[in-house]
Structures are given as structure tokens and as C-alpha cells.
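In the two assemblies presented below, chain A is common to both, partnered first by chain B and then by chain C.
Here is the complex of A and B:
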């Protein structure tokens, strides 16, 4: 039995190794995705152009402008002289935000304790506009605090701390998402294709006519992809720790354990897909459209689930990647233990058992 | 090579798919070491009949035993005792000649030593020593088919089922292929083969002609020729096949 099994696993390994193009994609994909999401597709808005209209030109306004310019989020690109120029500055496309100081900025600040700075942001991209006005507000608040350390009594100081991700790095969001995506792609798509390929080539018939128990065929098909997925998980974690400088806050063992669980979920999905089609192309289409898109859209990794219409929110619950994404975020970023994620884990286990049962029931141990 | 011992029996074996009767109450017996040919046009039910005997399809009704095991209840034991070569090419194209042999030897539970010995033997027999590490994909079709047959009988099964093994192969290779079949029949292997080549029917010890899921004739080729007073199997087949109402699949 064991020997039969090993002979079959070896064959599966050879299939994967012989197909160099696919192998290249399998190993290259996590690296490419981490690099893309980590560096190119960033939520952070850096070096936004700022136009300044500063009729005051006093110490305080200059000090503030210097701080804005010194921050990595802003570059002061132009100094305006009249309010009419503001519109033109935005239309030139180089400016994302304009800062307008009043005539007597310092005077207002020190004598009336009340000064206003107007921020005008280009909201054609609302997310960017929100983000940069927040950045600017933080800089202005900091300056104000320095000016009046505990002078005014009864002032409520709001102190914002960005928990778990103090630098607001976007990689914190992407790494768990990429992990879910890569595992799903490798396991679901590759497993379904590899089983369907045997049906298409007619070798499945020969296997079914052999004394090899069908369950062994399935397990033997899953093993190499499980190993491959672990290599991918390791790659992603190494890249995120050493390249993106995103530490693993929680237990590594727990993280790996949960990854194995999700891999098995994905494998069961792949198996299920392979039972409903006989063509490699269809298996690939189902994996891509049926699994990959929902994962991308509904796992919460690209778009926050809370903001979705209720039907979509409900639908997101049946997407396994959503739960895995929550688990990875909790373990990797918040450093939480099993006590915090047992519910999500249980849901994944339940989904896996459900998928596996249907798949094994549908897997034909005979032809037609 | 025909002996008295029967190794395959089928009695009123039937398979229906919905209201389509693919195989309609066929009965026959195959003796040990016999080369038993199953002839018929496409869609006559040959492949379905063979798949039922291999344990790949569950029959709808009737009775059948293969190597003494019941096709309904003991298909796992049957699988231990047969070799099978499917209509489609049954080896892995992206594995080498040697790797294919090792795989199927392993699947049938042969020891590493037995696999190694048998591999050498077959490579010698097929004159493939030089190609042992070649991917099967790059072998010519004729060699592939001969290799597939060798792999089907790699574990020395008492019975081997061949489903249209020579489809698309040139006459010379077909001839060589049949020589291989003869050799293994000579060694006591029972050969159950489906074909639609009439010249191949002549090579069989006994032939069974299927028309529309039923067995229309079953005898030795010479007896069949006499019975239908014609000088070739082609003539026999044409007389029977004309009755067919089903067209190809």
C-alpha cells in the first residue's frame, strides 16, 4: 500500500517538475505578487504636490510650510500669490492639495489662540484626498502641540495610535491577501487541472482499472501540491519579514498550521471542481472565475467587507479566503493566539469537511 | 492455446444508460490462455462490455466472473488480476520509458527488484535500451503502443484487456504488436481484445461479433467463415453489420 502510494506521489512530483513553465509560474507568482503589492501597489500616498498661498509670511506659517515640505508625504511645488491661482494650480495636475494661510496667521494664533489654515484637496480620487488631508492635519496638530505645551487647561488632546501597524504600511494588508490568493491558485487550480488531465488523457481509466484505491490517487495528487504550497508560504513569509520588514507578531507554528488548514480547504475545492468537469480548460475557468475573483473581491483584502451591500456581505461568508485572511491578519499582525481565532478556524474546518465529503462522494470510482 | 479452464464467464450481462441499452444480455465464456476477439462497429457496445469486465462500469443486470471473481462484488480482486490498455493512449507522456514502468510496477505492488528485472527484460524485448530515459512523448506511435502493451502486462496478470490497441498504427507495427500478443498468450496470459480491424480478427482464437449491443456470432474465425460461406472475416462482418440500426458513437 505504502509502496503503491509512494510510486504515485513520485509520478506526481515528476509531472510537476517536468512542466517547467508551470513550475516557474508557481514559484515566481508569490514573489511577483509580494513585490507588486508591497512596493508598486501601495495605499500610502507619498510626495504629493502642494501649493501654498501664504500672504502672512510670518514665522509660524513658514515653520509649518517647512514641516510640510520636509515630510515624505508632501512636496511643496508652487507658491501662489492670489486665490485665483489656486484653480490653475490644480488644473496643472501637479498639485494634490493647496494650503491657504490667513493674512495674519501668527497674530491670530498668539493673540486670539485661534487661527485657521484652509486645506483644499483634489478629491477626484477621494481616497487620496482623505489620506493627504489627514497627513497634513497631523503635521499641523504636532506643530500646535509644540507651541503650547500644556498651556491651555481643559483641552482634550486626541492622541491617535495606529495599533498593530504604526507606520500604516499597506503591506500589512496585502501579505495575508497574497497568501490566500497564492494558496488558492496553486491548490485549487493545479489540483483540479492535474486530476482532469488524467481524465482527458485517458490515464484515469487505467488507474481505475488498477488495484490502486481511488482515495490513494486523490491523496497522492494532493501531497505534492501541499508541499509546494508550504514552499510558497515560506517564500511569502520570508519576503514579508526581510524585504517588506513586516514582522510576524504571533506564533509562527500557528500561522503555518492555519496555512496547512487553508491549503487543504483549497485542495478539496480543487477536487470538487475536478469531479464536475472533464476538460482542463473548464477546470481552469471555474478555478479562475469561480474561485479567484470572489477571493479577490470578497475576502476583504481588496475592498473592506463592511462597506459592501448586505447581499455581498452575506455572500462573503462562503468565501473560504475571507476566513483565512482574518486568521492571518490576527496571527501575523496582531499577534493573537488560537483563543482569538478559534471561530474562524472552526469555520474553515467545517468548510473543508463539507467540501471534501461532497468531492469524495462525487469522485467516481467507476467510469460513467 | 485453448484449454478447458474458463477464466471469464458472462451470462446475460446487460448495461443500460437511461433507456439506451448499450450491452444487451450478452453471454460467453473465455478459456484460459485464449485470444478472444470482440468485434463490432463503433457504438456496438464492445468497450462497454469490456469495461464491465474490468470493474470500470457496474453492470445493470446479468452475471459475470473474471478470474473467478464476481464483477458486482469483487471488482477490487478483479483489478489485482488483470492488465488493461485503454482506447486512448494509456501511458504518461511526460514520464520516461523507465519511469512509466516503475510507476505501473509500483501501482501493482511489485517489489523494486522485480520491477528492475522486468524493466530490463522488456527493454531488451522491445529493443528500447537506448530509449529507456527518453520521454514517452517523443517516441513514435508504434513504439508507444507496443510499450503500452508491455506495461499492461508488466505485472504478469493472468488476463489482459486490450481496447482497440492498434488504432492508428501502421500495418507493420500492427503485425509486430500481434506477435507480442501471441507471445504472451503462449506464456499463458488470456487476451481479451476489441478491434474493428477484420484482419486482426483472423489472429484471434475465437471471435465474438457484436451488433447493436448483442452478440450476433461467436466462433473460431474459420468456423464463422464457413457458416457465412465467405472467404474472409470481412465478409462475415459485413453480413452481420448490415443489420445494425445504431450508427457510430
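Here is the complex of A and C:
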């Protein structure tokens, strides 16, 4: 029995290893994703183009413009001469913010003690607009403070300390999400497709006619993908520790254990999908559209769940990746133990049992 | 020419015969357009704050009141024990801990300066940064307020002050959907163009009908045209559906010329169909085609500026972005729909897209052999 089972696992392994193109993508995907998410993507806004309309051209306005240009958040890309040019500058797409100085900036500032700077932001991206106006205000504020060297009485000094992620790297938020995404993709999509392919090619009948019980036939199909996923987990963790310099704060054993649990959840899902469809194309569509998009959207790593409308917030609870994301975040980044994540773990276990039960009930020993 | 007409008829029939594909092409975009923008909202509002108050003075209480009445913050814990507050952060029930040290009010009065500690949960860097920013500016204005009260400052400023006024153009209500919807339309058009073309051709390979076509006198350029034209039309239809849904559901009416959008999408679709064709020449099975297309799409979307601005990427990623057709289309759609940019503003992107179209299609045709 065990020998037969191992023979099936070996057959499935050979199937996977033979298809080098798919294999390449299966292993390349996590590497590409981690690199992309870790290095290329950040919500931090840098190097935004600024247009300047400065009819004053005095010492203070120049000094302020130099400050803005010198900061890593801004690049002064054009100097305008008339207010009419502002609209054109925005429409060309190179400018995210326009700074407008009054005619007599220095004069106003030093004689009436009050000068106004107008800031126009391209709010087509509201996030960028909010962030850059804040950055610019801070720069202007600092400049203003330096103008009045006299000590102001009664200062409240606030010290800001960033917990868990002092350098504010976006990788801290993304790596747990990528782990959830890659595991789900590899397991759900690949298992469902590999089972449905046997159905489509007619080889499923051959397999079912073998002396091995049908349940074991199916499990033998899932085992290689479990192993593959473990390789992916190891790749992701190694990359994030050694390339992204994101340390694993909590227990490694706990993290690996939870990953295995989540992989099994995803495998059960793939199994369920394979029992309800007969064509590879549809299986792919269900796993891509039905699994991948909700995972990307509702697990909370791309978009904050608390900003969503209530129905979507409720829906996010049935997305397994959401719970896994919470677990990985707690264990890997905050360094918490099992006492903090037992609830999420139980939910995942419950989901797995539920999915497996339905999948096995729906699984037909006979075809057509 | 007659051959082409027959091929086109065959393709269209195949598309309309398979309800699953048709549904996928027409209903999926609508559902995604309605759901995705609802979820994609990065706005940082309602920051959860826990206060550790070791001072328990009138001043500390007034400060907390000022913070909670600002509308940005929700007080989730008010305690004098550090562990309790840290616990709230661990459970994601607090984003920021504000620690008011003992004798805060007394220190401020006596030494003219008193410290406050903010500890921010920075797992999500953006949220942390903005949350801390909001809080610091509230604390500053509180500081100003008490200073004026204690010193009885004159109304006129005694030190130079730069006043900043803000205006938000093109999206004054800062509505995130205005920004996401045009981008998502692009993704949908891209999906139809690259995924479905690649899958369609590889399916013929897998099922074996490719060989049948190969032994007929149909020339390869006719075969390819016969495949590309239906999906080009489909792409334009998806764009139209997208614009209609954007208008009906979100009330987004393009500020610029719609003709410009279609002009650009015609060229864009040529490029992206060429990509689908290219994928199909490299893939043997639908599974492979799907994975390659998926892999490329992921890179295109993530490096396309849909979710995170291209300017904030490191230089090497920005270089990759220049070879990403999707990023140009996203840029152009947003420019035309939100800002009303004209032809001269997008002519550079249009030219680049033309180059993409030529290169990808020539590559695909060279790589396509009339042999199985």
C-alpha cells in the first residue's frame, strides 16, 4: 500500500519536473515577487515633479525653492512665468505640485510678518497629493522656524519612535502578503489543474482503476505540491532575511508550521475546485479570478480592510489568506507567540476541515 | 482577402459559441470594475490611538480631548500601564501609543520644555508615517494654543510666519475611485488582449486543430490576422463597457476627448495582442501560456503605476517601467480622463506605443512557424 502510494507520488513528481517551463515559473514567481515587492514597490512618495511660479525671485523664495529641490521627495522640474501655464504643466503629466509665491514674498515676510505660499497639488492620485502637501508643509515650517531664532517658551517636544519597522520599509508589510499569495497560487491552481488535466486527457480513469483507493490517488497528487510549496516558503524566507534584511522576529518553527497548515488549506481548495469542473481552462479561471483577486484585494496587505465598505469587510473573513497574513505578520514581524494567534490558527484549521469534507463528499469515484 | 473573411467568421463563431468565454469577456470586467475600486482605498483615516497617561493633569486631559475631537483619531485605550497599551498594538487595536510622562504639566511650566513619546506601529510604513504626521501637527497646534493662553500673546504674529494655502486640482474631493477606475479599465483591456489571445492560439495547438490549419493553404499572416482582429474588437468593446460602467456607477465622465482614448487603445491593443501572440509561440500547453501570461501581467501591473507611483520606485525599476506598455496606457487614460490632456500631451506615449506594436508583432511573426 505505502509502496503503491509512493509510486504515485513519484509519478506526479516526474510529471511536474518534466515540465521545465512551468517549473521555472513556479520557482521564479516567488523570487520575482519578493524582489518586486521588496525593492520596487513602495507607497512612499519620492522625486515628485514640482513647478514653481515665483514672481518675487527674492532671497527667501529662492532659499525655500532650494530646500524643496534638495529634499528627496521633490524635484523642481519647471519654472513658470504666468499663472496660465500651471494648467499646461499639470496636463503634461510631469508635475505633481505647483508652488506659487506672491509678488513681494520677502518683503511681506519681514515687514508684516506674514506671507502666503499657495500650493496646488495634482489630486488625481489623492494619496500622493496628501503626502506631498504634508512633506512640503514640513519643509516650509522648518524654514520658518529658522527665521525666528529666539527661543519660544513652553515647547512640547514629541519624540516619534517607529515600532517593529524603524526604517519604514514597505517590505515589512508586503512579504507576509506575498507568502500568502504564492502559496495559495501554487497549491490551489496547480493541484486543481493537474487533477482536471487527467480528467481531460482521460488518464484519470486509468488512475482510478488502479488498486490504490481513490482518496489516496488524490492525496498522492497533492503531496508533491505540498513539497513544492515548502521549497517556496524556504526561498521566500531566505530572500527576505538575507536580501531584504527583514529579520524573523518570532519562532521559525511556528512560522513553518503555520505555513504547512495554510498550504493544506489551499490544497483542499484546489481539490474542491477540481471536483466541480471538467476543463482546465475553467479550473484556471476559477482559481485565478475566484481565488487570486479576492486574495490580493481582501487579505489586507494591498488595501486596508478598514477602509472598505461593510459588505466587503464581512466578505474578507472567508478569505483564508487574510488569516494567514495576520498570522505571518504577528509571528514574523512582531515576534509574537502562539498565544497571540491561536484564534486565527483555529479558523484556518476549521476552514481546512470544512473544505476537505465537501471536496471528499463531492469527489466521484466514477467518471461521467 | 476572402480567406481572411472566412477565418474571421470562424473566430467570431467560436467566441460566441462558448458562453463561458463570452461571459468571462463581458461580465467579468463589469464585476471587477464595480468591486475593485470599492476595495482599493489607501486613504488613512480613523487612526487608532492608545494613551498612556502618567501625568493625569488638566493639561494631559485637555490634550487627549483635542486629539480625539480632531476627527482623525479614535481613542481605543486610556491607561497608565505601558504593557496594556503595547498589548493593544500587538492585537492591532492601536496604531499609535502616546505616552505622557509623569509631571508633564509641571515640567512644561517650570522648564519651558517637556517631552512626549509617540510609538507608532510601523508594520505598514505609509500608515505609520501619515498617522504620526497628523498627530504631530495636532500636538503643534495644541502647543500654540496653550502658549497663546499662558502668555496672552497678541493676535498679530510677532515672528515671521509663512502661511500655506492648499488647493487640490482635478479631484478636489480626493475621491480615490476617480483615480483607480481608469487604471482598472486598462488592466481589463490588457487581460482580454494578452491572456485570451494567447490561450486561444495555444488551445488550437493543444487540441490539434493547429496542425489542420497548418496543412491548409491559409497563409500565416492571414491566420494571425484572423486571430488578432476579433480580439482587437473585443478589447475596444471592453474599453467601451469600462467607460460606460465608470460613468453609470461612479459618475466619472472623461474631461478630455474620448476619441483620444480610442486612438491610443487601438495602438495599445496592437501591441498587447502582439504580446499574446508572442506568448503563444513559446508555450506548448494552455497551462504554460496561462502561467507565462500571468507572470508578465503581474510585473506589468505592479510596475505599471496602478497602485504605487512610478516616481517612488528605485531607478532600476523605473527603467523596467519604460519597457512596460501597460504603464503608458494607465498614464494616458488617467491624464485624459481626469485632467483633460490633449493630443500633444500624449503624443510621446503614442509614439512609444507604436514602436512596441511593431516590435512585438514582428518578433511574434518571426517566431511563428507553420509547423507543429
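FYI, the second predicted complex is superposed on the first by the 256 of 368 C-alpha atoms of A that agree within 3 Å, B and C clash if a C-alpha of one lies under 4 Å from a C-alpha of the other, contacts with A are read in each partner's own complex, and residues count from 1 in each chain.
Rule of thumb we're sticking to: a residue touches a chain if its C-beta (ideal position, glycine included) is under 8 Å from a C-beta of that chain, and two chains touch if they have at least 3 such contacts.
In this text, all values refer to a predicted model and were calculated from it rather than measured experimentally.
When the two structures are aligned on the shared chain, A:306 is found in touch with chain C, with no touch to chain B. Shared-chain residue A:7: touches chain B; no touch with chain C. Contact with both chain B and chain C is seen for A:19 once the two complexes are overlaid on the shared chain.
Of the two partner chains, chain C is the only one touched by A:28; chain B is not.
In the superposition on chain A, A:234 makes contact with neither chain B nor chain C.
If you count the residues of chain A touched by chain B and by chain C, you find the higher number for C.
Of the two partner chains, chain C is the only one touched by A:334; chain B is not.
When the shared chain is aligned, chain C comes close enough to touch A:118, but chain B does not. Contacts of A:212 after superposition: chain B is touched, whereas chain C is not reached.
Across the superposed pair, chain B and chain C both touch chain A at residues 19. Residues 20, 24, 28, 32, 35-36, 38-46, 89-92, 108-109, 112-130, 132-133, 135-136, 139, 142-143, 146-147, 150-151, 156-172, 174-176, 178-179, 199, 203, 283-288, 290-292, 294-295, 298-299, 302-303, 307-309, 311-314, 317, 320, 331, 334-335, 338-342, 345 of chain C are the ones touching chain A in the complex. The part of chain A that touches chain B in the complex is made up of residues 3-4, 6-8, 10-11, 14-15, 18-19, 201-203, 205-212, 366-368. Put simply, chain B touches chain A in their complex at residues 17, 51, 54-58, 76, 79-80, 82, 84-95, 99, 102-109, 135, 161. By the touch criterion stated above, chain A contacts chain C in their complex at residues 19, 21-22, 25-26, 28-29, 32-33, 36-37, 39-49, 90-93, 96, 109-110, 113-131, 133-134, 136-138, 140-141, 143-144, 147-148, 150-166, 168-170, 172-173, 193, 197, 280-282, 284-285, 288-289, 293, 297-298, 302-304, 306-309, 312, 326, 329-330, 333-334, 336, 340.
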